[in-house]
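So, here come the structures, one by one.
Heads up, the next two complexes both have subunit A, just with different partners, subunit B and then subunit C.
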Partner chain A sequence: MNPTAPALQATFGTAIGRTAVARDGETVVYVAPDRLLDVMRWLRETPGQEYDYLVDVTAVEYRDRERPLEVVYFVRSLARRADLRVKVELDPAAELSVDSVWDLWHGADWLEREVYDMFGVAFRGHPDLRRILMWETYAEGYPLRKDFPLRGRFSRAEQVRQALNANPEAHYSLEELSIADGFAELPAEMRERLRRGERGNVPDSP
Partner chain B sequence: MTKRTVELELATPGLDPGGEATRVPLTATAEEPDLAGEHLLVNLGPQHPATHGVLRLVVELDGETVVRCIPHVGYLHSGFEKLGEYRHYNQIIPLTDRTDYLSPMANNVGMALAAERLMGIEITPRCTVLRVIACEMSRIISHMVWLGTTSIDLGAFTPFLWAFQERERIYDLQEMWTGARLTTSVTRVGGLMADIPDQFVEGLRHFTRTFPKTLAEIDRVLTRNAVWAGRTQGIGVMTAAEAINYSLSGPMLRASGVPYDVRKDKPYLGYETYEFDVPVGEHGDVYDRYLVRLEECHQANRILEQALDRLPDGPINVSDPRVILPSKSRAMSDMEAMIFHFKQVMEGVKAPVGEAYVGIENPKGELGNYFVSDGSAKPVRWRIRPPSFINLSALPKMAEGHLLSDLIAINASVDIVMGEVDR
Partner chain C sequence: MKEVAGQSPNYLLAKFQDLVNWAVNSSRANSLWPMPFGTACCAIEFMATAASRYDFARFGMERQAFSPRQADVLICAGRLPFKLAPVIRRIYDQMPQPKWVISMGACASTGGIFDNYAMVQGIDTIVPVDVYVPGCPPRPEGLLYGVLLLHKKIKGESLFDAERRRDEQPLDDKGLRLPPETIDEISEPFGNSVHQFRSA
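So, the complex of A and B:
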């Protein structure tokens, strides 16, 4: 057991749930979602802990529907060569959201975007929470959730139809179009739709 | 007598404000438009040879200077992690070939190590050494592709040919071992798909003897080359603190001066018993990344030599019939072997409840494989920690304030492979 786990329990009390040792020998600490940012800041900035490196952020949903969805943070102290795994449990039936750790580690930027893209977990305070691997108009849901079928929700014909019907400007984010010089020259109707936050023309599914 | 001078004026046909034909002087005029503050949006990729795959960059330019760079990824997304949840552990191995397809063997090893850690399997000594050989061969071919493509991006064609020639020699060895050049699928949970053939050791020894000569040639052509140094030094700098903050790994992290190498600091496959050095950069720029990768090729060659020297005899697979398929002849003649064969093909190798993460030092950085199991033969979750995806996320930070042509150099120095970025 990593000595950080008892230190966390002594500092944060009930905000730290159970701790466990995984099959690879690493310590897993379960943290209450509302205290995550405090715990992470403590791990990063307390002398003697110094978990300065964020290895990975991911999420796990179990086949057992009763079990909560977990957001997993792998943190590492490069100086001490120590690893720790921090988990936050979220109720998949409720709204999935947790604080972003981007302020602490900028490496979390794309990792959190990927978790958002694949699992639908919203990270509060993330500077640019957009889909990353799927395109922005993707309307089928969150691919790595267990209720998402392997072949996707839409038929192949429907997917092709949507791809062909998408507007070219949908390939740019709103931010990019607004910094473009030609923004003022876009047709008024297109500017209006961009102002409303539309990213392209997604036809209704049959 | 008067002297007549003719004023020659450089001019081009044009229109005056009234629409009449006139000649517009080419010399600088007072009313030159003020272009400062006018930004241009350039779309680079996804089909552009200098983006090393289907990476798309939307770049905001002030003149030639990059103000902002917004990468778009996902054009090669194949959903490997989702596919993995529907497959037995051994059936996942072919998927790993296709993630970082420039070092398929190392990916195979990383995935097999994670599954074995989850199941608590100890692999045999011969298998351990062969896997080290697989990893280091992958490091060499991946760095050779990086070196060749990067030098082409910066205008040097010759090192590309030399580097790809060396890569071909490794590919021949891979083909000899696995039958495939790229989709090797060389590992199995608990061992290897096949032992090395007879001429393999001899072939690899010949390679390790002659490879440093090519490295020396590349070194002589590039390292002190004024053009190369000018295009790479001071470009895309990441300080050590920034590199850590952005979760960079592998040569990108070490070029910034952080001496972290998974092989040294969290050893796997007995790397602690090999003698090799970890090159660390000083400035964190493109040039240092080049130096680090070049030196890593030398060190990989050293490890290959040591591995060949110590390669022990013995089995390549663990002797557990629940994990390793019995041979075909035994399965057809022995009742018990046939039952195990049947159970493994139909049900797969079952993993106990729990989770395991194993990070290995891939050519691109730390490749992590994270398995969560609920006790069945298929993982609940298979997560790849993709090193080039995370390294690429620092690209906007590195490119800011550099020229557009330097953006190409910086992007090349990240060493991305889109199969892994998009998975």
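So, the complex of A and C:
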């Protein structure tokens, strides 16, 4: 058992649910969703804890529909060589949302987008919560949810139609393409296309 | 050619067509410039086909065109997710006529084992395909055989027959290449995957 787990229980009391040791020896701590940000900030900033690296964010939905959906955070302290898993349980019948940890680790940006894309978990306070794997206009739902049929919800013809009508250049925002800085030097035609929002938001020209 | 003098000009014209067809088609067939669209393990076999041991330069494909504007055969090597469907369609549209498409491998041809929400069930729902190369992935010999079949097909084409001339095959007003019923039909599951169901 990672000594961080009892330390968390001593600090946060009832906000920490059960703790467990996973089969691979890592410690799992269940946290109440409303205290997640406090716990994560404590883990990151408390001397002696210093979990400075967010390895991954993912989610688990169990086959048993009674069980809650879990959002899992893998954090690591590079200096102390310690790992911890933090889990938040969400009721799959209610709205799936949890606070974003982007403020603590900016690396959570794409990780949370992926969880949003595949499971439909909305991360409150995320700066840019869009789909990341599926295209942004994808309308069939969240593919890794248990109620999602393997072949998707639409007919194949409809899927082909939507795919062919998608704009292949619409998937990337200006920031991702890193052309925001050079916006003024772009050809006028491309500037106009960008201004129409085909690739996302365009910064105001100076 | 001795008989030609006394015959009608039509006879001459017909032979001229054959001559032109032969000259143009064998030039086209024997100097194909492939545009590789490699998305998966088939692309590894494609690279092996291009490399020295198998070397499709022996069949005139000396120059791989990594730009659709200078290519005349699109080789889709690997599975095609729906997210890439508009991309391959645009690449196909950007290739100048005449152009041909080889669908390399089970996934490009049918979706293969990926009968799921993310994968196009055969690129022929997106672009017209001339040669399907089966295999998972096909060995280089398989791809070369497909290329030779394409040679045969090109050599059988006619420049003068308007009905057999290749057209652009544009998308219809719904943005589809085939009628929706046809797409649904050719995307039907087969093999082990028939036991799955569509609706939740």
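We adopt the following convention: the second predicted complex is superposed on the first by the 163 of 206 C-alpha atoms of A that agree within 3 Å, B and C clash if a C-alpha of one lies under 4 Å from a C-alpha of the other, contacts with A are read in each partner's own complex, and residues count from 1 in each chain.
Here is the rule we use: contacts are C-beta pairs under 8 Å (C-beta built on N, C-alpha and C of every residue); 3 or more make two chains touch, one makes a residue touch a chain.
Being a predicted model, the structure only gives us computed values, none of them experimental.
Visitor: Answer with first, second, both or neither: which of subunit B and subunit C does A:123 touch in the superposed model?
Guide: neither
Visitor: Quick one: subunit B or subunit C, who's touching more of subunit A?
Guide: Per-residue touch count on subunit A favours B.
Visitor: State whether A:147 touches subunit B only (first), subunit C only (second), both chains, or neither.
Guide: The answer is second: A:147 touches subunit C but not subunit B.
Visitor: Please indicate which partner A:166 is in contact with in the superposed arrangement: first for subunit B, second for subunit C, both, or neither.
Guide: A:166 contacts subunit C only, not subunit B.
Visitor: With both complexes overlaid on chain A, does A:52 touch subunit B (first), subunit C (second), both or neither?
Guide: A:52: touches subunit B, not subunit C.
Visitor: With the two structures laid over each other on chain A, which partner does A:155 touch: subunit B (first), subunit C (second), both, or neither?
Guide: After superposing on A, A:155 lies in contact with subunit C but is clear of subunit B.
Visitor: Please indicate which partner A:134 is in contact with in the superposed arrangement: first for subunit B, second for subunit C, both, or neither.
Guide: So A:134 meets both subunit B and subunit C here.
Visitor: Which holds for A:110: it touches subunit B only (first), subunit C only (second), both, or neither?
Guide: first
Visitor: Of the residues on subunit A, which ones does subunit B touch that subunit C also touches?
Guide: In the superposed arrangement, which is not itself an observed complex, subunit A uses residues 134-135, 143, 148, 150, 171 for both subunit B and subunit C.
Visitor: Help me check something: in the complex, which residues belonging to subunit C touch subunit A?
Guide: Contacts found on subunit C: 82-83, 85-87, 89-90, 115-118, 120-121, 125-126, 171, 174-177, 180-181, 183-184, 187, 189, 196-200.
Visitor: Which residues of subunit B touch subunit A once you look at their complex with the stated criterion?
Guide: Residue positions touching the partner: 38-41, 58, 60, 68, 70, 72-74, 77, 79, 81-83, 86, 117-118, 120, 244-248, 258, 260, 265-266, 352, 354-359, 366, 368, 370, 372, 374, 380-381, 383, 385, 389-390, 392-394, 397, 422-423.
Visitor: Within their complex, state which residues of subunit A touch subunit B.
Guide: Of all residues in subunit A, those touching subunit B are 22-24, 26, 28, 52-56, 58, 60-64, 72, 74, 78, 81, 83, 85, 105-111, 114, 118, 131-135, 143-144, 148, 150, 171-173, 175-176, 179-182.
Visitor: Please name which positions on subunit A make contact with subunit C in the complex.
Guide: Result: residues 134-135, 140, 143, 147-153, 155-168, 171 of subunit A touch subunit C.
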